[in-house]
Amino acid sequence: MAVASIHRRPSFTARFVGVTADITARPSGAIGLGLVTFHLMLAIFGPWLAPYDYKAVDANLILQGPSGLHWFGTDHLGRDTFSRTLLGGREAILVTGIATPIAVLWGGFVGIFFGLVGGKIDDVLMRVVDAFLSLPWILKMLLLIVTFGTGIEVLIPTLAFFYGIPVIRIARAATHDVVARDFVQAARARGHGKMTIIRSELLPNVRDALLVEGAMRWSWMLLAFSSLSFLGFGVSPPTPDWGLMIADARGYMSFAPSGVLAPVLGLSSLIIGINLTADALAKALGIDRAQKAPV
Amino acid sequence: MKDTMTVDPLIRVRDLSIGFTGRSGITLPVLRNIDVAVRPGESLGLVGESGSGKSTLALAMMGYLKHGLRVIGGEARYAGLDMFALTRRELEGIRGGRLALIPQNSGQSLTPTLRIGAQLSEALRLHSKLPEGEHAVRVVELLEQVRLPDPSAIAGRYPHELSGGQQQRAAIAMALAGEPEALLLDEPTTGLDVTTQAHVLELLRDLAAETGMAMVYVSHDLGAIARVCDRVVVMYAGEAVLEGTTREVLRNPRHPYARGLLASIPKLADARLPLALDGRPPAPGQAGAGCAFVQRCAIAGEGCRTARPELATLPSGARVRCHHADRVGSLPARAPAETGRRVIAESDAILSLGDLSISYARPGILDQLFGRRPTATPTVDGITIALAKGETLGLVGESGSGKSTILKAVAGLLPPAGGRIELAGDGALPPLVDDRRPDQLRRVQLIFQNPDESLNPRQTIAEILAQPLRLYFGLSGEALRQRTEALLESVRLGAHYMDRLPSQLSGGEKQRVAVARAFAAEPDLVLCDEVTSALDVSVQAAVLDLLDQLRRSRNTAYVFVSHDLAVVRALSDRVAVLYQGRLCEIGPAAAVYAAPSHPYTEVLLGAVLEPDPDTAPRLTAADIPERSPPARGCPFQRRCPRKLGPQCDTDMPPWRRGKGGHSIRCHIPHEQL
Amino acid sequence: MLRMLVRRLALGAITVFLVSLIIFAGVEILPGDACTAFLEREAQGQLLENCRQELGLKRPASERYLEWAAGALTGDLGVSANGQKPISELVGYRLRNTLLLASCSMLVGVPLALLLGVVAALWRDRLADLAISTIAIGAMTIPEFVSATILILIFSVWLGWIPGIVLTSADAPVAEFFPEILLPMMVLTFVMTAHILRTVRSSVIEAMASDYAQMATLKGVPYWRIVFRHVLPNALLPAINVVALTIAWLLGGVVVIETVFNYPGLGRMMIDSISDRDLPVTQAIALIIASVYVGVNLAADLLTMIANPRLRTMHMRKG
């Protein structure tokens, strides 16, 4: 036997470090991960960094342009736009940050389970998933929000539920690919139980696809969350939120464009950051993301 | 080189090295200092195992490099033109015209959205002077020339509507469209059934004779090379290690690798196990300063490690890259002793299949509504076989013969449509895995064809082996570790493999792990599904040897499924021949491989290519693709060269028993077969 | 092939049926009904009773579902809770306007996406590809209301070229929507193009690396002929389904864009109906959008079946 160097399976930390290194090795991945880290830091340390109180109204400072005191100017109530932009992502990151893992976990489990079991139950489930997907997200969300309110205790479960449904489809497709392979057939022929097969044969092979899927879901959830805020169905004032800030400042766009541009910059940089990271992650894990439909 | 340089070579490769840039930035060579010449009308074979660089060399002759590869040094000339210096337009004029390629996998090399006729006339448009209006006629002529039945119908079909053999013929026709001076054939028959392969090779021989084309034939199969080529270059780890006439290379190989390779090929006429060639070739860049073969060489001396041998010309005219070419003849050519073949009474059967039938037809929605059962002819039918303890039953047949399907049914992965599967001491087994008891499951284990597919890429070797040990014996902790180690030892892998992932192992090592996993269950019966067909020949020999050892030491019974008759011969006590899911012949190995035979067995045996320049295949049956469902009456009637008449169409032939437990299912009596 | 067709149609019908069930059940389960919404604060006691009696809300849910579904099949979508007008009348022009917006965007977006996707693939990792791919990521990920806002800022506020808001009424003739429709159209095209071109790019790259593309090269086929004759017909097949999915997905995005631009389409009507708790209208719009989604996907499947010789000639292989 050729006795080359003895390879060992990389531990979790080693793999994490390896994948991170792979992501940052690409310029786009490095920029993306940098943006995401920056925003996470802002969300945590924002309150200490903001120069002004985000809800301090000042009638003398309405719709001021950028100045040394107020870098991004002030809004229609005279509040400091810079401070509000710094804090404008906290609610969104909190809500989507909790809802995304829940969505991926429940959607992933259901998808893997029914992908393995197959048969009629699986067919029925897929029809229900299709039916849910054929309704625009905004309709599903709005119906619940209008009825139950816009608190995070409503937003988190609602987002987690609806964004878990497309994950079912992805997880099921990934599972089907794996189930057809001989090592799963071998495990079945040995007589392992379904849960053992899921845990030791399927999960390790579907995990990467789910991870990438999770990153994508996160960006879409952020998109949904800020769209809801923008439409007035999300965060309630005076909590600073990018979507809401853009909606508020739109009316004064002609004479105070900085009120729109600042939150646009905040929101766009976070979402682009997540997507660049997801792309680089997919490449690092060897998954082609572009082939997937945006449902 | 011999003094036959009166004619200028058509293809001249001089000191060619090709490589790619590795992760660390170092250039890793895949071809090293290749010197090859092909004269007009000559047929040269490039033989080697996977990774030897033979396909890269053939493509380089067309001035083509796969993505990432580049020329490090040397040149490849065609008719005096430096192929790597030509412009794209000049290359387009030569490729497919004077120099044409027949690809490895025609199924994937023909454009799926274009009809065969359109692809052929494209070649005509590019490389012939025929006016557009005459293309249609010429396309039919070309398809006729490659002996395709009903050529005008074939021209109107899409690639996926043709069988594998037909696709290959269409690809040959496409290459002929430009009336080439030289053909490059990249494993043109790999993946085809034995009978189809033999027919395609005969066609290529005939075409070469008809047209006087030169051929460069790339293959891992010395049998195919022996049939087609005048001269052979043996490739190893990116080097040409031996070059000579086909006869000389096959009869008296003067390089230790070539000799080992030949010894590792199972032969139809020889029931002994082939001789394994241990180890594996160095990866690109790993060959070191010495001879690339040094680690696997039995006659290597100290000098072999430090100095790379030059290509030296022997008195016979052959060229060899070895310091000790004179000592190669002392190496053994075959395994010392014949393995004992046993004829075992069917009474102590471990497994018996009683009239087993399997159908892939599933009831449709309407059938379910009305409670109808599907009436389609079953894919596999009437399989009655008994297997004794410790016996090896070889199951041979071409693709679509249902041999793997039978294994799946025995393993409980496919529900049979009818019949019984009985395991000694346990009575009839429940048809599906889910209903079988753990002990029943433990006694029957399955090994798959391709270890890349059958080993979970995310599990370490220790985890893979732990699965059956935990499940059947509840082992854990130290006991589990010790047992895993012992298993690895038993398949000749060390304990240091435990923490590796399958991707870090070679193909042969992976298949050993799969064998170890099956034996972890301490089974009474192991089902082997084409277990060596994804492996290189030299590695295959080692796995066959391992399986034989394990069988002896544990008295395990095997059902050994393969399409390769020589491999089956080397391992089996008894052999069953399957055609279209029906048994044709069954009996002790020696009897099945000797006359009298079922007409189908005869066809199969006749099509086998031996690595011997003096044998020719006997092609008796027409090479037509079988249809499904199988014919009523005798399943082989459509292709049978000895068909009697209407009784073959309507009546399933009776089993006729011959000497020594040998049975044939044919209307023709034994004496006349 | 015929069997596949029938099967596909049946699946589509089942999906629409399930959607109608989900919509109906969803509205049914949520607290409040058409009467509580309509009467708002006065919704109590006798008034509420009377209203429910009048609208037939007291009958069992299954009965009302059947009536609603049967009505929807014949084009009768019921009456709105606010104003009691027939919904089919309210929806008519709105649906036309949304389809106008969507089809204008498609006409520009799909060819553009195919072109850019192929260009990015053929010049993979070069400047053209990097530029296209980077812009595509931006377009895909930035929320529609953000890009809409930026476009309004640039084209209406700063340059003053196109109006930033649509003032045309819902039932105006099609011609009157120009040029107001241009900005919403641009936003929609932008997003759609990005999604489709990414798929096209990756499937063209895959097809260029295929065995048959290599074979065509080694057969001496000129590069551009390989691209157009051998690669693109194969590579663009998967794009058909993605185009369909993207269109369907944009139905959700249209809602936001219509609101931003005050465009009188179905999406804005949906938002309004939800805000007003006009549940019959919400139900109707949901059903229409879901049917369009199913229909577009069905059309894509049929198109793939026709375009892909493998599927088209299925019956020959099955015998």
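We just call them A, B and C in the order they show up, numbering each chain from 1.
We adopt the following convention: contacts are C-beta pairs under 8 Å (C-beta built on N, C-alpha and C of every residue); 3 or more make two chains touch, one makes a residue touch a chain.
Because the structure is predicted, anything quoted here is derived from the model rather than measured.
**Q** With contacts counted as C-beta pairs, which pair of chains has the highest total?
**A** The chain pair sharing the largest number of C-beta contacts is A-C.
**Q** Farthest chain from chain A, going by mean C-alpha coordinates, please.
**A** B
**Q** Taking the mean of the CA coordinates per chain, how far is chain B from chain C in Å?
**A** One centre to the other, that is 51 Å.
**Q** Centre to centre, by mean C-alpha position, how many angstrom separate chain A and chain C?
**A** That pair's centroid distance is 22 Å.
**Q** Using mean CA coordinates as chain centres, what's the gap between chain A and chain B in Å?
**A** 48
**Q** What residues on chain A touch chain B, complex-wise?
**A** Chain A reaches chain B through residues 1-2, 4, 6-9, 181-183, 185-192, 200-201, 204-205.
**Q** Where on chain A does chain C make contact in their complex?
**A** Touch list, chain A to chain C: 28, 127-128, 130-139, 142-144, 146-147, 219, 223, 226-227, 230-231, 243, 246-247, 250, 253-254, 257, 260-261, 264, 267-268, 271-272, 274-276, 279, 288, 290-291, 293-295.
**Q** Give every residue of chain B touching chain A within the complex, in rising order.
**A** Listed in rising order, the residues of chain B that touch chain A are 278-280, 282, 286, 295, 411-413, 433, 436, 438, 441, 445-446, 448-450, 453-460, 463, 467-468, 471, 493-494, 496, 499-501, 504, 506, 509, 517, 521.
**Q** Which chain C residues qualify as touching chain B in the complex?
**A** These residues of chain C touch chain B: 209-212, 214-223, 229-230, 233-234, 308-310, 313, 316-317, 319.
**Q** In the complex, go through chain C and note every residue touching chain A.
**A** 11, 14-16, 18-19, 21-23, 26-27, 30-32, 134, 137-138, 140-146, 149-150, 152-153, 157, 195, 198-199, 201-203, 238, 241-242, 245-246, 248-249, 251-252, 255-256, 259, 270-271, 274-275, 277, 282, 285-286, 289-290, 293-294
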